[in-house]
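Same chain, two partners: chain A is paired with chain B first, then with chain C.
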Partner chain A sequence: MLVQLMIGALMIGSVYGLVGLGYGMIYKASGLMTLAQGDMLMIGAFLGLTFYKYLHLPFVVSLVFTMIIMFSLGLFIERVLVTTLLERGAQTVYIILCTISVAMVLQNIAMFAWGTNVKQFPPLFKKTTVDIFGYSVVPENLLALGVGIFCMLALHFFMTKSKFGTSMRAAAQDELAASSLGINVPLTKGASWGIASMLAGGIGVVVGPIFGVYLSMGALIGQKAFAGAVVGGYGNMYGAIVGGIFFGFIETLISAFVTVTYKDFISFAVLIIVMIIMPTGLFKEQVMDD
Partner chain B sequence: MLKLEKVTIRFGGLTAVNEVDMEVPKGSIFGLIGPNGAGKTTLFNIISGVYAPTSGRVLFEEKEIQGIPPYKVNKLGIARTYQNINLFKQMTVLENVMVGCHTKTGAGLMSSILRTRRQRAEEKSVREKCLDILHFMQLDSKIDFKSRNLSYGEQRRLEIARALASEPKLLLLDEPAAGMNGREKEELSETIRRINEKGVTVLLVEHDMKLVMNVTHIICVLNYGKKIAFGEPADIQQNQEVIAAYLGDTRND
Partner chain C sequence: MLNRLKEKKGLLIALAIITVVCGLMLKERYLALVLCFVCINIIAVTGLDILFGYTGQVSFGHAGYYAIGSYTSALLTLRLNLPPALAVIIAGFVSMLFGVIIAFPAAKLVKHFLSLLTIAFGQMVYIFIAVTVPLTNGTSGIVGIPHISIFGYTFSTNQSNFFLLLGVVILVFIAKKRIVDSRVGRAFIAIRENPHAANGMGINVRYYKILAFAVSAFLTGIAGALYAHLMGFISPDTFTASQSTLFMTMLLFGGIGSLVGPAIGSAILVATTELMQSFVSYQMLIYAIFILIVLFYLPNGVVGIIESLKESSRKQHTDKAVNNA
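After this line comes the complex of A and B, so read on.
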């Protein structure tokens, strides 16, 4: 029982972490905030469902296609909408409003394209449970966890080892200096929005088979991922992951041992307490003082 | 090498740089001086692509470069440092310089993920090149330090090292001696000369007159956005208009 719980908590925690990481990336790269991550996840889930269920593509191919489309969508939002607004002198709040509008538009597009019912993924695996060291675990959970861990590692190596990732970090730390060293800063900013929505969309595809796919599926995950990003230290990628996993554990343990009905109430109460005790988050982020 | 033709920039009603003509000869150490607010840094920002001039032309090796974004200006061979130090504070000294090299490396994303042999060879050569530059700037004992933990003078030297990593033909130094003590300033003059000896043309904005007079070959003086004098250091020191600009014009009082 405990092992299954831990795997469940890690799974949902890495979901929050990866979606939350997008908030942090965008904030760090462009100093802006998006509130569309949750709905990016929802759109990703619907796209994945379409590729897998209706177009009968293999799951991995559906996942990759979805991530490519979601990357382009994120890039489009930054390069076209956000840049245009900023060029016209819009303040940060307008950008937040713009992302809320994008979220609404996405929800309505999804409603129009896929309807309001909960859609179920066909089972991905033949077995409903697999045996791990004598414990039976739902394979879809393991898949989500595996994809989550893979994405985190891939992103870590991309950001620290690759040329473009290093350029992105440099541009996030000092835009002016980066651009005078030959780094295309507008492109690194666009890419950070692209990666954020790509991760959210990809996660949507792997949680779809677990929770089902429906219009409001992104809302709560998006909020909790945001909470995780704040608890971890807003703007810190690794903090968002730790914060997300922290939230995943709190939620899972509360629903297992205390109450399922009020788990969100307690989780968010914990968030407020953490904010009071540690106003800078678990990992103090230096973006603000620099 | 670098030529400005009637470069003007206005911010609202303020004309920060007014019809400045200037030519930086290849291989020189060129000084750009003037009292506070004379438009020196603004001119720097125009050359490096941060601002587009309202009118006028900027020619680098006979090519018009005004209005093109900074990252493209860098690719043409112009690198710069900043008056307020703009380092990547959370990266190490070596990483800072390596970012400077990045535009010169060819390996793309796929080869960096797959760690191909070419990629590894390139990484090694980039690292060695950066270590050479850090040695040249006397920072080799600090390579693993986070750049924010360096002393002020070291941070200024690191900015120059990072700019050199992009292999510029023209190096713009914006007040590199600010905040340095006497000995550090002397070392800086020596460093600027050595950079110049390597074939890099240097355009220097500096407040410290002793350093400017000591190190530059030609000087251009700005006041209120206008060029008021141009010539060799010895002539500039005798120029009445320059003296008036710095000490205040007594004739009008």
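After this line comes the complex of A and C, so read on.
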């Protein structure tokens, strides 16, 4: 029982962590905030469903296609909407509102394209449970966990080892110095928005088989991922993952041992308490107004 | 005197048109209800304006205060049998208390984190009222909330409620004007423009930020309580995160930091919502389009357009005067 709980907590935690990573990347690269990550996850799930169920593509191919589309969507939002607003001297609040309206538009598009009902993914595996060390585990959960860990490692190596990843980090540290060294700063900013929505979309495809695919599936996940990113230290990649897993465990343990009805209430309360007593997060990122 | 009247000509014409339109709308029950919604939203958005428009603090959780006001007033009248008029005022103060509680940590945070904190607050209130069945009756909501009655007169029709709400709106406008023109209002604006400079001028930034939260939560709470007594029925569906976004949209569309901005924004958005009643599924899309219009084409809202029109007509006047001379 406990082992299944732990695997469930790790699974949902890595989902929060990956979605929250997107927030951190965007904040690091451009100092801005998006609230569209949750709906990016939803759109990703619907796209994955379409590729897998209606076009009968293999799961991995659906996942890759979805991630490519989501990357372009994120790039588009940054290049077309956010940059235009910034050039007109918009405040950060206006950018947040812009992402909220993007989220609303995405929800409406999804509603017209796929309807308001909960859509079920066809089962990905033949077995409903697999045995690991004598414990039976749902394979979809393991898949989500595996994809989560893979994405985190891939992103880590991309950011630290590849040339483009290094230039992204350089641009995040000092735009002026980076662009004087020949780094295409607008491209790195666009790419960070693209990667953020790509991660959210990819995770959407993976959690679709677990929770079902529906319009509001992203809302709570998006907000809790944000909470995780804050708890970890906003703007810190690894902090977002740790924070996400932290919330995964809190939620799972509370709903298993304390109360199911109030689990989301308690999650948000934990977030507010953390923001009050430890606003810099576990990884000590700067959040104060000075 | 005549000159002053001439200056205010535009305002007088606008007032006359509004009076005629309201008079015509009051003839029908449903249209009177729409007017009531406009009034309630004006009160709530005015509250948000004091926070965001004057002090520059974002809130994406004002539906939370709206909900606290609604539920407090409804429960006080139904469980404790308090007179509704008293319950509305108590609800305002309860909401204010929550405003202060949130303001203590919020006054330290920058925009992004303030947004998140207020979102988290709004979500907590929403979840609480949706799951705490013994107190709030959960998602099925509370029914049979009595109408407001003052001195034995019950405001039971939409028309009479409109006049009551109009009275409250006028009171709120007077109060807001007095706050904004006072020392407190100037402190708010100084904090919005530059908190560090304000601090240097000897303004207690933290105190005024908390004060702005308190006033804002009070007004929005009152609006929520009035909503509960107008409709007689409340359920968590009214108090979702999109309601907070809607308040923000109304404020930005009308124009921040002005007296009439919230009124214009509320009127236009409520009217659009009601006109689009048959396209409920497009509602979110319409709000999104409103937000995008504001962001890309109307950074200062409708009030900004009016201001720039005034500016250009004044310029024409002075140009004429120069030419004549």
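Everything below uses one rule, namely that the second predicted complex is superposed on the first by the 285 of 290 C-alpha atoms of A that agree within 3 Å, B and C clash if a C-alpha of one lies under 4 Å from a C-alpha of the other, contacts with A are read in each partner's own complex, and residues count from 1 in each chain.
As a working rule, a contact is a pair of C-beta atoms (placed from the backbone, for glycine too) under 8 Å apart; a residue touches a chain by one contact, two chains touch by 3 or more.
This is a predicted model, so every value here is computed, not measured.
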When the two structures are laid over each other on chain A, do chain B and chain C clash or fit? fit
Which partner chains sit in contact with A:S72 here, chain B, chain C, both or neither? Use first/second/both/neither. neither
Based on the superposed arrangement, let me know which partner A:L85 touches: chain B (first), chain C (second), both, or neither? second
Under the stated touch criterion, which partner chain does A:L271 make contact with: chain B (first), chain C (second), both, or neither? second
Counting only touches as set out at the top, which of chain B and chain C does A:V230 meet: first, second, both, neither? second
Contact-wise, after the overlay, does A:Y27 reach chain B, chain C, both or neither (first, second, both, neither)? second
Looking at the overlay, does A:V185 come into contact with chain B only (first), chain C only (second), both, or neither? first
With both complexes overlaid on chain A, does A:I100 touch chain B (first), chain C (second), both or neither? second
Contacts of A:S136 with chain B and chain C, given as first, second, both or neither: neither
Applying the document's definition of touching, compare chain B and chain C: which contacts more of chain A? C
Once the two structures are overlaid on A, work out the angle chain B-chain A-chain C from the Cα centres, in steps of 10 degrees. 90
Superposition-derived minimum Cα distance between chain C and chain B (Å): 21
Residues on chain A in contact with chain B in one complex and with chain C in the other? 290
Considering only the defined contacts, which chain B positions touch chain A in the complex? 48-50, 69-71, 73-75, 79-80, 82, 86-91, 95, 98-100, 102-103, 105, 107-109, 112-113, 162-163, 165-166
Touch list for chain A against partner chain C, complex: 27, 33, 35, 84-85, 88, 90-94, 96-98, 100-102, 104-105, 107-108, 111, 219, 223, 226-227, 230, 234, 261-262, 264-265, 268-269, 271-272, 275-276, 279, 287-290
So, in the complex, the side of chain A touching chain B is made of residues 157-158, 161-164, 166-167, 169-170, 173-174, 176-186, 286, 290
Touching chain A in the complex: which residues of chain C? 52, 58, 60, 104-105, 108-113, 115-117, 119-121, 123-124, 127-128, 131, 195-196, 241-242, 245, 248-249, 252, 281-282, 284-285, 287-289, 291-292, 294-296, 299
